[in-house]
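What follows is a set of structures to go through.
Two complexes come next, and they have one chain in common, chain A, joined by chain B in the first and chain C in the second.
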Partner chain A sequence: MANLTDRIKISDRLAGVAAWLVLQFFRIFEIPLSLIQRIVGVRGMPWIFLLPNLAFFGLFVVIPLCINFAFSFTGGTDLFLSDRIYTGTEQYGFLLDCETFGDPITCREDRFWKGLYNTATFTVFQVTFLVLFSMITALILNREIRGRGFFRAVFFFPVLLSPVVVALIWKWILLRDGIMNAFLVSVGLDKILFFVSPEWSMFWAVFVSIWAHMGFYTLILLAGLQAIPPDLYEAAEMDGTSKERVFWRITLPLLWPNLLVVVVLALIKGVQIFDEVFVLTGGGPGTATQFIVQYIYNTGFTEPVRNFGLASAASIVLGLVLFVLTITQLAATRARDNG
Partner chain B sequence: MTEIQLKQIRKSYGNVEVIHGIDLTVNSGEFCVFVGPSGCGKSTLLRIIAGLDDVTSGTVEIDGETVNGVTASERGLAMVFQSYALYPHMSVYKNMAFGLENAKLPKAEIDRKVRDTAELLQITDYLDRKPKALSGGQRQRVAIGRAIVRDPKAFLFDEPLSNLDAELRVTMRKELSALHAKMGDTMIYVTHDQVEALTLADKIVVLQKGRIEQVGPPLDLYNKPQNVFVAGFIGSPRMNLIDATAVAGPEGLTLTAPNLSVFVGKIAGLEAGARCTLGIRPEHVLLNTGGTPDTTCEVIFTEQLGGETYLYCDVEGLPQITIQQVGQLPFVKGQSLELNFARENLHVFDADGQVLVNGLGG
Partner chain C sequence: MADTSTQPRTLKSLITARRGRGRLHWTDVFSYTYLFLGVLLMFGPVVWLVLSSFKTPAGLIEFPPTLLPLGQIEVVVEGYEKPLLLFDVVQEDGTTKQLAQVRRIGIISQMVDPENPDKTVRVPIDQRVKVREFRLAVENYTDPLKRFNFVGFLNNSIIVTTVATVITLLINSMAAYALSIYEFRGRNAIMLFVICTLMIPITVILVPVYLVVTQLGMINSLWAVILPGAATPTGVFLLRQYMLTIPKDLIEAARMDKASEWSIYSKVVMPLTMPAIAVLAIFSIMWRWNEFLWPLIVLTRTEVHTLQVGLNAFQGELNVQWHYILAMTVVTLIPVVVVFAFLQKFITTGIASSGMK
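Up next is the complex of A and B:
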């Protein structure tokens, strides 16, 4: 008993010392903060506390955004804005100059439109199957199955990997001398060149992207499924509702807000696709898997003549698309919050 | 009109048995209330009857037919859930019509049934609203309406009033009682609130730890509890229960405890020297009668309810004694009172908690 009391006393004393140290540490800020408060007033203090974050946000988001916007109205290869030639909306005009918008070949900057077309194709397939597979996986993982926790972890693990690592893993599997072909040869089959045809390249880009991101969307849908009160299913059971009708009339409508968020988030991510596909296919064969972000990257940074103005204009166009999608996502989230 | 019979019902989760062989008959048209503390198995029993949970052994019979393997929907019962379990994305009308649509009834018939039921429950004005736009009481009515509209063999209620405030609970209690009187259907109602049980039931089933402690009409349970648990559980404020020893005297037995001596004469099954429990309801404790007091206590706390006064008193060596008196009585803390226990309302239980006598016959 005496030992216990001694121990409590020691821990109390240590806690007291720690509290004193913390207090002294914060006292360092007391003088400058009270000085600032005297200058900006109490109402201005929240802005002082927000300042580090605002500075960071301004430096790495707002200022580049503004510079990018300004660049999109300039031409030439100079890096500094002051050296660049003002061209007005010429870059936008160049990007949007098409005889038929549905056919990239008829556009002056066909690579931009090809990138846009590829991105749209990729996004449609990726989002459709991503949502479908995530939904099926969430529905299965929501049931009382053996090893449910294990499978939930397994499906989520790829989300923890960097996109580049994901692409390298699949490249290692699918390349001409990858393990998939090694396996095929070992069972007496011919090698398959997985990245030779445009269709197969697009298929693998979609497949790998789904594999990498499915866990995240499954998690959102699983959370939505678990938020549906079990009583509703029991009430439906008492009402004599068939399993199909339970899904269509109860599960799906109640999951709809989550599903909407998933679709919009997947759309935004789909439109932004770059790194994993760039590492996996390099945009090839040809420009079959070259997406809009890669077009911007190539135009601005990898080509012999770095066309910053055009890349900036393309970024602004992409930004507008993302803005529309983000607004949709916000509206969807609000709809979910309002039940 | 439906009779429900439970025969040797047992239910286990893994190795833990939660229902230990229950036999019960709920007669046709009866309002039967399962009551008991949390975890006593009352909701499990209701879910077994509903078909939402399987039995480990035993049989459930509805109108003489065993329904063990029959699905919940095919049993023809309707259930009202504690949480109401209304479909939040459907209007009140759709909520009520959903079960009928499943049964593929013609639209005109569905419409007639929904509107008739809505009228019965006075919810016609809310038919187009979503559940979130309704108050707790209105939601509860919709949940009951959803059950009624299906014209079930029997109704099962799982603590349907526990989410309502006290005032609304009283109103809904009356409405449920009136509804049962009007419809005459078999109803099984689960609650942990013994006031609800006493006011609604034709028959109360008191459960504890997965066993039936007593079955009977409300006043039978109140006046003639068969064991200490029922004596303590039924009635508010609860019965005063005092452990005592029977001491033989020239004219019979006296139950004694520290600072307490209650002459009881002869009680069948109680012998001198035996341990027992003496039970007396708060309203049966008499104050300052002028005769020899059974005990003397000190008032430590009073509650004035307007029409009656509750006194909480201490007697050294005994559990706190609650006394209920009609009217507004001006007792003060520390006041000493002489108490007598009305013999005709005195309950005595043996050492195992089983009743020896309910009232000493004046």
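Up next is the complex of A and C:
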């Protein structure tokens, strides 16, 4: 007991020290801001409070966004805009020049199209199975099971791991002499060189990203399930409604807004996939798991000749896709919160 | 089972089922099977990482791998300077005996009986088996501290995470304060603007932000990682939502007492917003600690690498030294695990209520 009270005292003292530090930190600004208030008056103060945040947004979001368009209409390899040559829509023409759009090889910039197709394939499979498994997990966790908190934590914790760590964990499992191949050999199969096969690389890219992010979507769906009023279920039970019918008529319709938000959120994240897969497969074999963000990264930052214009044009294409998705997401969120 | 006629036998029904009224229904069996397989699939890889990180390089290349980290036992034999490796050797009469290896020549190994060190015997190498014991290769963890810039990476990550989180909390809470406490012309326009910045993730503006950062002379400095992401629209939203619930009377009362606007913000509003601030702090710490693509672009010199970038650079090198990589991976995930263990409830409710990650 003595130990416990000691511990509480220590944590109290730590909290006290932290609070004191924060207070001192704020006090630094006290005098200059009082002076400013005297100059601009109370009515001007909201702008003063907004200033730092808006400055950051302006410097690192708004200005870059404008420069992005400027970049995409210029050529050459110089970074600074004044050195760049105006080329009009040449970059877009180069990106979008395809004989048949269904086949990346017929395009002038085939890596861009390969990246687009890979991203589309990845996103379709990843989002489908991600939402499916999150849904099943959320429905099971919503039942009256023992140790629910524990199981929820188990499914959730990979969300917090860094993409690099996630990729390294799975790379170690899937290596030629890794434990996955040991398992295959022990059940009488041959070893598989996962990262040499394009299909297996894509499969593991999808699998690993689902493994890492499932907990997040499970959590949102679980919150949605728990918000469904229990008396609806009780009424259905009293009427002797079959459980199948309860699912289709009560659970799914009431969960639908959350499900929509989850699907669009997963799409937004899926289209921007880079980190895990880059560390896991490096985009390989060849370009089998190279996605659109990696195309931008490679074109703009790793090629011997850095093509900033092309990278900008490609990122504007990506931006357009994301814009449509985000509008959908905002609409879906609004519908959920109002409905 | 008597009531199977009332229980639909489809896969869908088990997902809708809420409980089996005391009896163990097959949907319960399915649920628990699913959950335990889930535990295996979610925890297994991490457990395997931690176990592997304690293996010696020799233990790591073994196929099939052993479950636990094992090390071969060495014995000191009279008459030999160095400790010798111990093997189980099958004798001609079928019994096994423990012998120590003096040297190995091709497929023949010269061995000695530790109890009778004068006589050496020659044994074909396929007739001996290593004698091993459970042993943790702690040097995987201690060597990188000396041999690589691991401490530097760790330092950089800690600096980026702390400084960025402090800046984020300060400027986001200030903006949220302005947008929630004051009524002023242009407030809605600003809110719309913040929503718009939400739509522009860093992946869309990599090249121009790189230009801005270069113009500011911050390439290969930690500021290049800290500053561009410091103003977060999600943070402003979260804090504003919370501040809107603070009663206006409190602020009016403080104004009556001639408190300056800054004191109202720092002494009245901020203490009341602490729960939301804490949620944002945890998220910011996680974002920054795990950030990868942007640091990868702006931090090209090894001295300024953060843990994530350093780890990636290391695993991409030619002779991959997995024993070090695995150990460093474990170190990288420790802070996250600690934070999660203590703040699990906090984080999960934070995500469930704000829907951000």
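Things to note:
The rule is simple: the second predicted complex is superposed on the first by the 285 of 339 C-alpha atoms of A that agree within 3 Å, B and C clash if a C-alpha of one lies under 4 Å from a C-alpha of the other, contacts with A are read in each partner's own complex, and residues count from 1 in each chain.
We take it that contacts are C-beta pairs under 8 Å (C-beta built on N, C-alpha and C of every residue); 3 or more make two chains touch, one makes a residue touch a chain.
Source: prediction; values computed, not measured.
Looking at the superposed arrangement, the partner reaching more residues of chain A, out of chain B and chain C, is C. In the overlay built on the shared chain, the residue A:Pro253 is in contact with chain B alone; chain C does not reach it.
Of the two partner chains placed around the shared chain by superposition, neither chain B nor chain C is touched by A:Ser82.
With both structures placed on the common chain, the touch criterion links A:Thr100 to neither chain B nor chain C.
After overlaying the two complexes on the shared chain, residue contacts for A:Glu234 are found with chain B alone; chain C is out of touch. Of the two partner chains, both chain B and chain C are touched by A:Ser242. Judged by the touch definition given at the top, the superposed model places A:Ile140 against chain C, while chain B stays out of reach.
The residues of chain A shared by its contacts with chain B and with chain C are 242.
Listed in rising order, the residues of chain A touching chain B in the complex are 229, 231-232, 234-242, 245, 249-250, 253-254, 339.
Remark: chain C residues 6-8, 10, 12-13, 15-19, 28, 31-32, 34-35, 38-39, 41-43, 45-46, 48-49, 52, 61-65, 170-172, 174-175, 177-179, 181-182, 184, 187, 190, 193-195, 197-201, 203-212, 214-215, 227-231, 236, 255, 260-263, 265-267, 270, 286, 289-290, 292-293, 296-297, 308, 311-312, 315-316, 322, 325-326, 329, 332-333, 336-337, 339-340, 344, 347-348, 351-353, 355, 357 touch chain A in the complex. Against chain C, the residues of chain A that register as touching in their complex are 23, 26, 29-30, 33-34, 37, 42-43, 45-47, 49-50, 52-54, 56-57, 59-68, 71, 79-81, 135-137, 139-140, 142-145, 151-165, 168-173, 177-179, 181-182, 185-186, 211, 216, 219-220, 222-223, 233, 242-244, 246-248, 251, 261, 265, 272, 274-275, 279, 282, 293, 296-297, 300-301, 308, 311-312, 315-316, 318-319, 322-323, 326-327, 330, 333. Across the complex, chain A is touched by residues 50, 52, 71-74, 77-79, 81-83, 85-89, 98-99, 102-103, 132, 146, 150 of chain B.
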